[in-house]
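Two complexes, one shared chain (chain A), two partners (chain B, chain C).
This part shows the complex of A and B:
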């Protein structure tokens, strides 16, 4: 078997590798290259050196979007993971209807972001106008919490499934032994269960962190950055730079912003991975 | 063994090829699916033979979704007559710039596209063929309809449109007025406020909702904002600027206040109101006035809707300038440009096609049926009642308000004004916010454009 894999690996790897190179690596390299250029279409580019990067902070909106995105990422990562973990704990207790609940909580994840955004916009605006409060696109605070609620609703189910898998893999003998030694429920949770599901926590925080940081569709459809860009996140800011400003130079600046954005996501993800990995234990 | 290896490698490459071919064919399929009308056109063109291919082809990236079908029919007719394939693709509403940018990067780029005026031209002037001296440029009724960069004619306006306050004459009469009673902002205010005061008795309101949703807010952040810009340009004798003063912003406030305080809904709800909401209110007879343009004709007049006698369009009075002689806001933001990068024969085919559109019997007829007034010598009369209103007003000696919103510095500026207006209407912001977005925003955006 192993011999066969050694021999035939190109059969399995090549098609996907080719698609990956053409569909991902090549555009990615092009993208970085374009951030040093001034262009209207990618066929006709003019090299301008680092000036795009110097102009990245020229419109004040990018810095604000950076701050807003960071706050949003922190809040949503914490909320999603804590709530998903609690749900996972509840749904591994062998209650009646566990499978129904798991399915129900997972379902929102199957709906696309833009659709969800519009549905929640109608829903939240309906509630807000009943309460006689300003609508989502008028108040940045409501807009912020709107996106947080939407993201929680969408992502908790998915993370819950990962946590359930993790919790089910905690060896029952460990817990039994702890109980015999007289450990309380909270001690079992913090000293045994959480350390044992640390790999799941690594995956889930990685997913929520990067998803929140890169958020685009939900932001676009729920508030579209209103009021006055107060709820605009980085990805939306980049497309706006690219398309909503006139003058060829803004395409390159948008591209430079995208590279800065990419570096930020990479840095964040690496720090997070290193941090949570260091907490992982072997049973 | 060796044969097996070769077999496996060839299978792998076949799979890769299939994968890529898959990408290619789905893309092609979706583009034909988008243009079912043209699919037939281009296939007939292909079958008419190689002579047509040698004579070039036309690829028109159309801006107006409402005229998609008409353009495809016209293109098919042209192909039938000349054998030159014409492909019409229409960008989704609000996605023109995005679509154009990606289409232009392809090897089969549009040969005919459009820009929305001087600011739009700044992005694309490197791609525009100089139309000076071409037959189509010679057909223009006035040089004012050519979009110039220096001496070069880079764009040609192909349609003239008007906007103003669309009025339901039947309801207005029910309220005891006629359109002749409205000759100034003071008149408009008096009528609107009287209707509001008696709305329970009358059963309708003065204005449809001034929706600030993205599908409708351009009526206020762009079209209504044209009026203070126009009067300021008139006063200062300029045609564009890097720093707007906002001399007529009080007038802008007055008209916007009038819209939102005499409308079918509470100003707080405007943030979520759409263009469809506003149109449906007008169609249902819930309001007398509806600010929009001549392009709305086919949506408002027809079976089960209004008849030509029910509606007309009056100028948007803001209490500035010479109101007695103010006409509708008439102008264009639709300029045809020919792609300079296209092969020589395609450029020629495109020039022939647009010349045919604006000079031949069929072409001008089709353009008139689309509800367009075209600024070309062979133009035929349109049956659009709003266009007729503009003709009548101009004939009566009124001066049309020109479209200066094409000089607005960027989409970002419009969005800024739009958010500020929305906040003002809802009471979460004040009018100073609008002034800041209008005046300071203009300077900021103009500076950023120059960056």
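This part shows the complex of A and C:
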């Protein structure tokens, strides 16, 4: 049978492969190539070696964005996962209204990033002006927490769903046995439930880490990096370097930044997967 | 259980607390909803929390103005067409590729598989400039062809989800079909596709959520003066210079959000299953 299918590869694989070449592989390779060049359009490309990569580290806005994104990623990943896990614990207690709660908490996930940003901009600016504080676009601290709150609102529901599925797969007899042996509730949580849902924790931290690190839409619409690029995250900084800065050198530097960004995402993903995978157990 | 009465009481208290939290969770959307019925003057940052009153209520005026001034229906059509065509293409092509990858062992299969996994982690900024140029050269820069770009960039997740499911699919049914004289195409469409249905739905939902809400890819690939999807229209409306008209913008946000929420209420079972199925990746 394998041979028969193999003969049909132009039908089964070629369309996807062709689109994949156009939409991903070729732009990716070309992008790496362009990161070593100075260019404004694709027609006047001049090879400059590693100078783009050196200039990346001289750009203070990029370094700031790197730091800002890192802090944001850590804060939001921890908050989202802890809160989502707590909610999942509550929603697996067989209480009234569980389905309604689950539906409501998941809902923000369906709203797109740009729209989400504007909804929260309106709400947070309203709250800030009631408290007679500066608006979001004038204060970087409020901007930071604004994005954190927004991300929590959007992502908690999604992660909660995954945690609920994980918790429901913990065999009840395991918990029963522990209880008969005299384990307390917190012992059951830390010694049985958390190790048993480790695969869900791996997925959820992976998703929240990469989502937060690659965040663009929400950042653009909520603060657009204001004030003075203080709340600009990496993805926005790179797009900004490409399309909003004048000067012939910036596109090349932008592409080099994108390569650095890509390597950072890969490194982050690999480290995280290795770390949480090592904590997974078999039932 | 001796403590079941206590558990019941705790659950009742928790239910009430979570109910309050739910109301708070829905409040941001409700805020936009009632503001979209107010006059422009009543939506300053200090008055945004006031409910519409007899003086400030304007009915559907903001909706009518927003839809007409932004050419919103056209944006809606573009978004709808792009989402439907892209997701259809992704489901069809990626399920076929995934079947090939699972059933045929060889260099082509493993290269495709690892490339797909790899593409899921690569940030869009890495390819955005060159992708937009490629799309221009190949005339894929309009809403009717952009689905090919989406197939290329979205193939990773879809192939991954399909192969994940197919690994556990029994080979015997397909072999029986082959002995009965089916060619691989017939086997795929008559035998494999029906078995794949649940995964198809899950993948369709995840991909639709992505394509419908995507902002940066269509902004860079499409010509913003000619074609605007809904996220582009909202950003253009807000980001353009000059005075921002808050009331029509809120009306437009509501028109964008409501269909999605209504659809969610009807097929939330599938959406939630889709999320769980998608989480098995990684």
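Methods note: the second predicted complex is superposed on the first by the 264 of 283 C-alpha atoms of A that agree within 3 Å, B and C clash if a C-alpha of one lies under 4 Å from a C-alpha of the other, contacts with A are read in each partner's own complex, and residues count from 1 in each chain.
Keep in mind that, in the parts below, contacts are C-beta pairs under 8 Å (C-beta built on N, C-alpha and C of every residue); 3 or more make two chains touch, one makes a residue touch a chain.
The structure displayed is predicted, hence computed values, not measured ones.
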Larger contact residue set on chain A - chain B or chain C: C
Partner chain(s) touched by A:165 [first = chain B, second = chain C, both, neither]: second
Chain B versus chain C as contact partner of A:10, first or second or both or neither: first
First, second, both or neither for A:69, with chain B first and chain C second: neither
Contacts of A:52 with chain B and chain C, given as first, second, both or neither: neither
Touching partner for A:246 - first (chain B), second (chain C), both, neither: first
Touched partner set for A:232, first chain B, second chain C, both or neither: neither
First, second, both or neither for A:43, with chain B first and chain C second: first
First, second, both or neither for A:134, with chain B first and chain C second: first
First, second, both or neither for A:154, with chain B first and chain C second: neither
Doubly contacted residues of chain A, that is, touched by chain B and again by chain C: 7-8, 11, 15, 19, 22, 42, 125, 129, 135, 224
Touching residues on chain A, where the partner in the complex is chain B: 7-8, 10-11, 14-15, 18-19, 22, 40-44, 55, 58-59, 125, 129, 132, 134-139, 224, 226-229, 240, 243-249
Interface residues, chain B side, partner chain A - complex: 5, 8-9, 11-13, 15-16, 19-20, 97-98, 101, 104-105, 119-120, 122-124, 126-127, 214, 268-269, 271-272, 341, 409-412, 415-416, 419-420, 422-423, 426-429, 437, 445, 448-451
Touch list for chain A against partner chain C, complex: 1-2, 4-9, 11-13, 15-17, 19-28, 30-31, 34, 42, 90, 93-97, 100-115, 118-120, 122-123, 125-126, 128-130, 135, 153, 158, 161-162, 165, 200, 202-204, 206-207, 210, 214, 216-217, 220-221, 224, 234-235, 238-239, 242, 251, 254-255, 257-259, 261-262, 265-266, 269, 273
For the chain C and chain A complex, residues of the former touching the latter: 7, 11-12, 14-15, 18-19, 22, 25-29, 31-32, 35, 45-46, 48-49, 93-94, 96-97, 99-100, 103-106, 108, 112, 115-116, 119, 121-131, 133-134, 138, 140, 148-153, 155-156, 159, 171, 174-175, 178, 183-185, 188, 209, 212-216, 230-231, 234-235, 238-239, 246, 249-250, 253, 256-257, 260-261, 264-265, 268, 271-272, 275-276, 279-282
